[in-house]
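So that you can tell them apart, the chains are marked A, B, C and D in the order they are listed, and the count of residues begins at 1 in each.
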Amino acid sequence: MKVAFIGLGSMGMPMAANLARAGHDLTVWNRSRKTPEGFEGKEPPVAGSIAEAVRDAEAVVTMLANDQAVTEVVHGGLLDNLRQGAVHLSMSTLSVAAARTLAEEHAKKGRDYVAAPVFGRPEMAAAAKLWIVLAGPARGVATIRPLLDALGRGVSEFGEEPWKANLVKLGNNFMLTAMIETLGETFALMRKAGIPPKDFLAAINNLFQSPVYQNYGTMIADGQHEAGFKMSLGLKDVRLALAAADELHVPMPFASVARDNMVEAVATGGADKDWSYLARVVQDRAGLD
Amino acid sequence: MKVAFIGLGSMGMPMAANLARAGHDLTVWNRSRKTPEGFEGKEPPVAGSIAEAVRDAEAVVTMLANDQAVTEVVHGGLLDNLRQGAVHLSMSTLSVAAARTLAEEHAKKGRDYVAAPVFGRPEMAAAAKLWIVLAGPARGVATIRPLLDALGRGVSEFGEEPWKANLVKLGNNFMLTAMIETLGETFALMRKAGIPPKDFLAAINNLFQSPVYQNYGTMIADGQHEAGFKMSLGLKDVRLALAAADELHVPMPFASVARDNMVEAVATGGADKDWSYLARVVQDRAGLD
Amino acid sequence: MKVAFIGLGSMGMPMAANLARAGHDLTVWNRSRKTPEGFEGKEPPVAGSIAEAVRDAEAVVTMLANDQAVTEVVHGGLLDNLRQGAVHLSMSTLSVAAARTLAEEHAKKGRDYVAAPVFGRPEMAAAAKLWIVLAGPARGVATIRPLLDALGRGVSEFGEEPWKANLVKLGNNFMLTAMIETLGETFALMRKAGIPPKDFLAAINNLFQSPVYQNYGTMIADGQHEAGFKMSLGLKDVRLALAAADELHVPMPFASVARDNMVEAVATGGADKDWSYLARVVQDRAGLD
Amino acid sequence: MKVAFIGLGSMGMPMAANLARAGHDLTVWNRSRKTPEGFEGKEPPVAGSIAEAVRDAEAVVTMLANDQAVTEVVHGGLLDNLRQGAVHLSMSTLSVAAARTLAEEHAKKGRDYVAAPVFGRPEMAAAAKLWIVLAGPARGVATIRPLLDALGRGVSEFGEEPWKANLVKLGNNFMLTAMIETLGETFALMRKAGIPPKDFLAAINNLFQSPVYQNYGTMIADGQHEAGFKMSLGLKDVRLALAAADELHVPMPFASVARDNMVEAVATGGADKDWSYLARVVQDRAGLD
């Protein structure tokens, strides 16, 4: 399929490479003009503009940092140049509000907007092991479906309204944030008692049996917080979950606590660390270093 | 091995039955004089007193509701009648403070006190699939080790100080409480958006891959809160985790939020429901019913 | 002075009446075309449009519900018709972001924008006992200064940047919200112990000696929550304080707790009650009715 | 009146001096054998033991740090030597549980136990401007009433059950703690916006008009945290308020947040600072120094 891929960040680059490897005919575009990497001889052409990138595409995939970046791309050439029948597959983590607005704008122009945010970090993107959360109009979904196999290991579908996929993604990221905070608090308690966090982690994972607990727990126990997913982006997602909760009238006290601790992380120099650094802030508050 | 088993509640009864089935020579005692159930023809004798139960035992297992119950049993005949070389295997979920006191009292009398709280609900106790957290003096641990295979599927060891096993158990129960609160908040958000919690749960479990998330998530999505582990006991454990955190100077804001919501659960009639009912309280606060 | 007054709500109406009574030459405008009340024979003319209202004014006072209402008025005729040398005195409680944008828009047109949000409820507005928080360019402040005496009992000044006055106002409203939550929690504790909240209030006011504690404490003890200041507006202000805190990287856990409880209040039917109803929600959570 | 005064700390010493100055016939006792100070020529005799101190007294006043100190004094000679008709006036800030136990123990011996915790810091104690919260059996209250004028500026009475006075005191201290946390959060917000906390404080005190806000606000704005009332004692009182709330089933999320932040204060070296240092911790979390 002819695919335009916009956004070659730490997630987008390996996702684009996987699409190329699966035989799709890619053109890429990135604001900062990155050179494609990791395509193993299938390097795609780099378009000189958004318009050029999307003009001939059957599907345009966007994988960008936030609402603003996607909106700028959509208004900066994507929507005006998306041809009849082509689909915008929007895989970024966006706010519910932005997802609604984008869907309406596309609908007005007669174009299909499909939301497909993903669960997984860069290494899972590279291994095509993302889990994809999908929502959008049936026709658009049918069009882009062939792309999904190259990107992930499975799909959960949430109907025709794209924003619902975004809310599910925000809900999932909140759950991960809550897990990180929980690990931070518990590890602080264990460390102050002289119990090594890794021993504690090994014990509880016999109950939880979750690779996510295992991976994040190990990062936190090792004090390993090189950014796979930045604190500033993690904070953004909790903020968006709280904004959705506010609009829908849902008290979320755990999300509020996590937000305050992530704000502390950002205020004290952790904006560019991995969001798992939240667990470090929690331990610092106990006087541990 | 000659074993006295004290405490035939929803956890203790199937644990005792498993010990009998494994060929150990049991005597049981329970404050409320329950008739042994589920022993499949290996019903043990019921002692008339704690003293009588423990007198000939090589190991005495206690599985009781709280600090007070264990303390009453220990002071009500257990410690005075525990013979030389016999071990008290204390499997209840106790406070760090009580664990320390009990260990000292046994040490003064020259008896070994081994803490072995477990991860798992009654159905896991029945299936001998508990995970056992062990700490205590080496000699005592060696004595009771033959019992562990009959009770669980594995053991994590935390050295010679019994209270450390209790702290690990409290840490684990806090983590489960935090998971329940997290599920409650997220499900409330999804329900208000018209997304069925089970669909959300199915999606996120592709990431978490945890049987605990799956089981509790299903209970909560189904509004199924028949007590496997009572709210009042769950609240007790969070209280004990916070008490340990206070003593060790560890801020635990998630534990504090959970505590307040569990207090609300108890204040509004949920003391005897399963602790997963915490997720119900969270949803009620969003105006859901 | 020739004054256009825009916004005749529960605060604006008595404020406008006080300006008329002090001899200012008023024209009024309100979106919903309210008839002026309480002017004691000095009823001002009602303009047919915003443009008509502001055209001859030396000062335009706006007292509206939120960012959106002020922005609509400013873009709907105020700014285009404000004559050279005239000042926009913006007395609403606005977000820091909106205050910044409005100040810039006025500056571009060469008009002075002065922020002057107030402390006080409708009965204090009627008694000209508001406290005024002022910030804006010196020339504009000098122009509107003669109006302030008719509206309040004093002024605190915060320099030339209007948004700072709005932040001070948001900070003050957060402090009142925190006081309400605090009273709610403490009254719940006292009621469950059989101690009448009014007796408790009488005792602590010997220490606090604050009319605000006395007034809100009495409303809450009496379960008197007829709206002087609506919950939905109080929630909006806490949301704006948290938005400012997020931008400035300030953790505000009390604001977060209050926000969640106010969201609960709105979710369970309290949006149009007085914001002191927050203390009711807190007591309900304790199982009190 | 013949009075034994036990506990010559920063509160007890000036209180005892005021009783002596008012003409009462004092004997004092203090665990650490302090020399009476500030009695202006009316230095009382220092008893060699608790028994000796209380033997002839019509009233015994205790002003000690916590439950344990009072319990040790009561069991260490006070109760056994309190003569028929004499009253124990217990002015310390105690837990509800301890207050109940002490009242029962005195009642069994036929002695009256009156609780009279106070509002006010050492300088108010010295100026006899404490506010006294009183509860206890009518006969005992009648006996000690002549002492109250010398100690404070007024009394609030809460019936015959002593623990109710203690709960009121704990409620009041929670309210002060909540005020300190609130000031800390708001000052952090203002400082990050370039607004001097003292300017903000001056503005809001036109609304609050409370000497307590003024005094604590000034201490916090000045970063002045020399101990009048130690953080470790303030934390103890919040802990006791939460313990009472737990027993009575009252969620107190503000108390929980304050507790966690005070635990952080203690964990990071602030145990011996004034409890207003809580506001410093809150500002540190925003990256301020």
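Just so we're on the same page, a residue touches a chain if its C-beta (ideal position, glycine included) is under 8 Å from a C-beta of that chain, and two chains touch if they have at least 3 such contacts.
In UniProt terms the chains read A, B, C, D = 3-hydroxyisobutyrate dehydrogenase.
Worth saying up front: this structure is predicted, and the values here are computed from it rather than measured.
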item	value
Neighbouring chains shared between subunit A and subunit B, ordered by label	C, D
Chains contacting each of subunit B and subunit D, listed by label	A, C
Chain of greatest Cα-centre distance to subunit A	D
Of C-D and B-C, whichever chain pair has more C-beta contact pairs	C-D
Centre-to-centre distance between subunit C and subunit B (centres being mean Cα positions), rounded to whole Å	53
CA centroid of subunit A to CA centroid of subunit C, Å	39
Centroid spacing, where centroids are CA-atom means, of subunit C and subunit D in whole angstrom	38
Set of subunit B residues in contact with two or more other chains	245, 249-253, 257, 261, 263-264, 267, 285-287
Residues of subunit A touching subunit B in the complex	119-120, 131, 133, 153-154, 156, 158, 164, 167-168, 171-172, 174-176, 178-179, 181-183, 185-186, 188-190, 192-195, 199-200, 202-204, 206-213, 241, 244-245, 248-255, 257, 261, 282, 285-287
Residues on subunit C engaged by subunit A in the complex (per definition of touch)	239, 245-246, 249-253, 256-257, 259-261, 263-264, 266-267
Footprint of subunit D on subunit A - complex, ascending	253, 263-264, 267-269, 285-287
